[in-house]
Amino acid sequence: MKVKVGVNGYGTIGKRVAYAVMRQKDMRLMGVTKTKPDFEAYRAKELGIPVYAASEEFLPRFEKAGFEVAGTLGDLLEEVDVVIDATPGGMGAKNRPLYEKAGVKAVFEGGEKASTAEVSFVAQANYEKALGRDYVRVVSCNTTGLTRTLNAIKDYIDYAYAVMIRRAADPDDSRRGPVNAIKPTVEVPSHHGPDVQTVIPVNIETTAFVVPTTLMHVHSVMVELKEPLTREDVIDIFEDTTRVLLFEKERGFESTAQLIEFARDLHREWNNLYEIAVWKESISVKGNRLFYIQAVHQESDVVPENVDAIRAMFEMAGKWESIKKTNKSLGILK
Amino acid sequence: MKVKVGVNGYGTIGKRVAYAVMRQKDMRLMGVTKTKPDFEAYRAKELGIPVYAASEEFLPRFEKAGFEVAGTLGDLLEEVDVVIDATPGGMGAKNRPLYEKAGVKAVFEGGEKASTAEVSFVAQANYEKALGRDYVRVVSCNTTGLTRTLNAIKDYIDYAYAVMIRRAADPDDSRRGPVNAIKPTVEVPSHHGPDVQTVIPVNIETTAFVVPTTLMHVHSVMVELKEPLTREDVIDIFEDTTRVLLFEKERGFESTAQLIEFARDLHREWNNLYEIAVWKESISVKGNRLFYIQAVHQESDVVPENVDAIRAMFEMAGKWESIKKTNKSLGILK
Amino acid sequence: MKVKVGVNGYGTIGKRVAYAVMRQKDMRLMGVTKTKPDFEAYRAKELGIPVYAASEEFLPRFEKAGFEVAGTLGDLLEEVDVVIDATPGGMGAKNRPLYEKAGVKAVFEGGEKASTAEVSFVAQANYEKALGRDYVRVVSCNTTGLTRTLNAIKDYIDYAYAVMIRRAADPDDSRRGPVNAIKPTVEVPSHHGPDVQTVIPVNIETTAFVVPTTLMHVHSVMVELKEPLTREDVIDIFEDTTRVLLFEKERGFESTAQLIEFARDLHREWNNLYEIAVWKESISVKGNRLFYIQAVHQESDVVPENVDAIRAMFEMAGKWESIKKTNKSLGILK
Amino acid sequence: MKVKVGVNGYGTIGKRVAYAVMRQKDMRLMGVTKTKPDFEAYRAKELGIPVYAASEEFLPRFEKAGFEVAGTLGDLLEEVDVVIDATPGGMGAKNRPLYEKAGVKAVFEGGEKASTAEVSFVAQANYEKALGRDYVRVVSCNTTGLTRTLNAIKDYIDYAYAVMIRRAADPDDSRRGPVNAIKPTVEVPSHHGPDVQTVIPVNIETTAFVVPTTLMHVHSVMVELKEPLTREDVIDIFEDTTRVLLFEKERGFESTAQLIEFARDLHREWNNLYEIAVWKESISVKGNRLFYIQAVHQESDVVPENVDAIRAMFEMAGKWESIKKTNKSLGILK
């Protein structure tokens, strides 16, 4: 028997999760919602995915365009066991009563507050906590990225400090700026540190900046160690960590541009780089401080987490069994 | 029997042509050259493609990295019937004597002067001219883009004027700028007009500008008609033209960002958009003047041309047979 | 006696016009309005300019910040003979009844429709039409730029076609994008051609594109001549045209970046480049077609027009007398 | 008597220092060198500054353009007491023997190694060390920025860690990229920390990133305190620190764009922001850690340091007397 999945919000994250769900043998994609009949909606239809209006208020748009929908969100909820809420940040909390009323489980994304769900989730860090749950929040791309690497070394961390250099807009967003400026989050430390702590109990503080690029976020991580670790230890640990990859500048990875080119060379769908990219040369230990630099593909790193979250919520598989299945189905390298 | 193909220069164009060659039933990729063992070289190896050093001078780089090459360009030339010269602009002319000496045919790219080859080529415009030739030049991405649409309406053109707004750097290039400026080619008209004329005899002038984006070039085309055409005629013609697609802003295509997203949604390898993208709403006729706006994916639009050029040079297929085969193999929509 | 001037909207254009007004011996700046107490408001105060709230609804913002205002727009209107309406596009039309009621003349900017005022204005083209008027519209930066050069050669123009490559956001705007895309105006021809025609009766069509830069707009202009003109003629004409400057790539002006650097090297306030910059090398005549490329500093080229408009409306000076005074006061080179 | 100053390299830094020297009553600008007759050279001439060829090899360029030079560098050196070496990074070391031979003192810039000079200099931190010296190095824009704020709190610093988000190219540079990528310095910690230590003995480590913007560098600073400090203490200290200014997001400073706009609103020459800009809201103390975010105007923050260095080298004034004079002459706010 397959778990029946709906995706509410077929945008940057939603379309990737829908694709990932379609690749799982134990899941079935029942449909997705859209607020307007744009090219993404037409593409979904071409792929045979039932498209629902995100709410009744949007029906006229579809009618006007002659785009036949399968119904509205309410109809989709009747068909599914679980809904992925990939709506814009903050809307998930407003949607939760709908899901409760329909009696479906829900996965929320990182734009929601932790309190929207029962557990905040990164598969390799706390899969078990989501077992059997009804409402799980997959944390944001940045939080997922920090959690993956910090979790791998968490026993050694006395204190972690991460500076996050964030992309201004996604590649398909031609409205948001800035065109030529660096924009700090002046609330210091930023909210990203506490967000990591919703997943793992690590002592962390962060600051954040927006810069005019679309490709990836980059994190400069500094860790004060409570137990000694060598550079080689860290390389070994990261090499053994799922969904984390080491890249060498030596091989031409001089910026985020070449990391994305790597994903393109792999012919990854949407050039997804599900794995957190750590620059191998940047891993460095000075005294009791460890440094490393990592990049996060904001469009895709949380996609496998959504799949794993579903498996945990329905107790369909143990942690590593699920991670393995998800990785294999998406071509995640390790 | 398959034509044996080598690719000299496995970069932005080279790697895409190599991929395309691998997808042709009547061709066989014998190997590619690299100047250094970067991640593209490693990827080629993973794909089972023999990697040769572009010349002996580069061998130490490969040796130092422990990257075993299959030989040098000279060795590759002994294995092939035809070489795709995808080296940086101007190097093809220097390489031609090597190809002559080795007795192999060669396809050059648009960075070379027309005089480097016997014919300048865009398949749908002048396939026949390349039949049986030894040296063919696939014209540049911009010239290919202009030729595809102008050729479709060439009988109506009294005069064409195109303003080309060019991307500053390819997506995987993190060195070239500008970061924040518009850079005109002050030689007016620019060389792009005469370059179109190496393929089709159309009365055309152009100007060109570089702007800080990586995704696509955009052309603002104005045509003075010698015979009347309506907007609907032009739409019909372009809809019947291979490797040209119409896109509607109405469906969300408000910039080059969404055109690339369309290719990503198709899961095209490297988000290749082989087809020239014309904004449907932009097609407009005022008096005897036709206007339209098109976008060109500089990384990929010439790829199918390279494949067709090979077929023509070896007289393996007629024009439409080749175009059809190439289109089908690459998923070109029409 | 000096004309008393108020500026409604102390933003990008407003603050520059306020500064320009302060430098005129026959004008007196009575105050400016702001919607919020940001650093521009504090700077105005430091300069001794009375700051008024743009309307009563904004008063709480100022009170909360402890910023004492001189009153509201209504109070300012009682003090002035003429108001410069530099509010966001479309608001001028809504404000006009206020100005009428207060019995003050008004200068509107290019974000307003032509019908908002009695005349659309570029000083060197139609100063006389504004003589004695109550409501004058200074046209947009782009329209002003096109009008300045086209007006100089208008007797020779059979048809003009301009492609406008527009900056995405002003330098002090860190919100608007795109970060990495080219955005066409798909309505072709664009509205800019008809806008030029509100000032001079020239046969013109335009297309327009937005690109990710903040510095200047660039225009690729093509003119079909009804009478012969040589390249040298055009150079002579432009050299004799006020508020138009020729720049040579040969001297390092390879992009808009160096044009702005030129203004910075002059220590122009806000690096204003009031003059339209034409690349000398780009001026070219082929048969009956003239080509040239110009750049427009969107933040400042309309500033002198506002000053001249005031003089015309109060019949304080003849055309060339006003232009000369304005030019001298602002350091305009010719 | 005035110290006679020459500037070798009239580019981004050189032209600003030349301007600053001209504003000092105790200095006299004798001339500047250029490698080519570009618009900056013509501007120097307009300002009455003697222009010399940077070396004999460049003379033909000037001759070809009909630009009369006053001689070559050798001639300039005969006229001066001290030369500001504002040549590209690394060239200063090569030039030093010329200066030694000519018997002139020299100020080098931050692109040179510390060993090129006798002392590395930031006026407010170690003015005294440059007293009477012959060769002084003004450190880089980033190092100057870090030194100014860290020096103010140096007695409290146990350890400082700064992440530097650097602008990719200066505003007048239209060649360098990247257009759309984040580029880390993978050597971690970066060289900037040790560079600070050439000026003040503080325990500091840094990492660095290049992003596609031209306006300013931004630093995310974290300090581990050895003695308690409150947020208010730090605000007080920075308010009392010369060449450091506090800016509030509350007043509209949401990014580097508005900081530069502030300098433009002041009508600063070239929008110079000589002062290090600290976001007031970002100053934060959590336990024993202090955080703050600052921005550095890479084109100008070192300019006053060059002036002070000259005064120290000729023992023309004490530390605070020199700083006061320099500040006043350049309009530095405090």
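Each chain carries a letter (A, B, C and D) given by its place in the written order, and its residues are counted from 1.
Methods note: a contact is a pair of C-beta atoms (placed from the backbone, for glycine too) under 8 Å apart; a residue touches a chain by one contact, two chains touch by 3 or more.
A quick map from chain label to UniProt name: A, B, C, D = Glyceraldehyde-3-phosphate dehydrogenase.
Since this is a predicted model, take the numbers as computed values, not measurements.
Among the remaining chains, the Cα-based centre furthest from that of chain D is the centre of B.
Annotation: A-D is the more contact-rich of the chain pairs A-C and A-D, by number of C-beta pairs in contact.
One finds 46 Å separating the Cα centroids of chain A and chain C.
Here the CA centre of chain C is 35 Å from the CA centre of chain D. A straight line joining the Cα centres of chain A and chain D is 42 Å long.
The residues of chain B that reach two or more other chains are 171, 173-174, 178-181, 183, 212-214, 254-255, 257, listed in rising order. Chain B makes touch with chain D in their complex at residues 168-169, 171, 173-181, 183, 212-214.
Chain contact summary for the complex, chain B toward chain C: residues 161, 163, 165, 167, 178, 180-184, 186-189, 205, 207, 209-216, 218, 220, 222, 249, 254-257, 279, 281-284, 286, 289, 291-293, 295. Those residues of chain D lying in contact with chain C across their complex are 15, 36-40, 42-43, 171-174, 179-180, 251-255, 257-258, 260-262, 264-267, 269-271.
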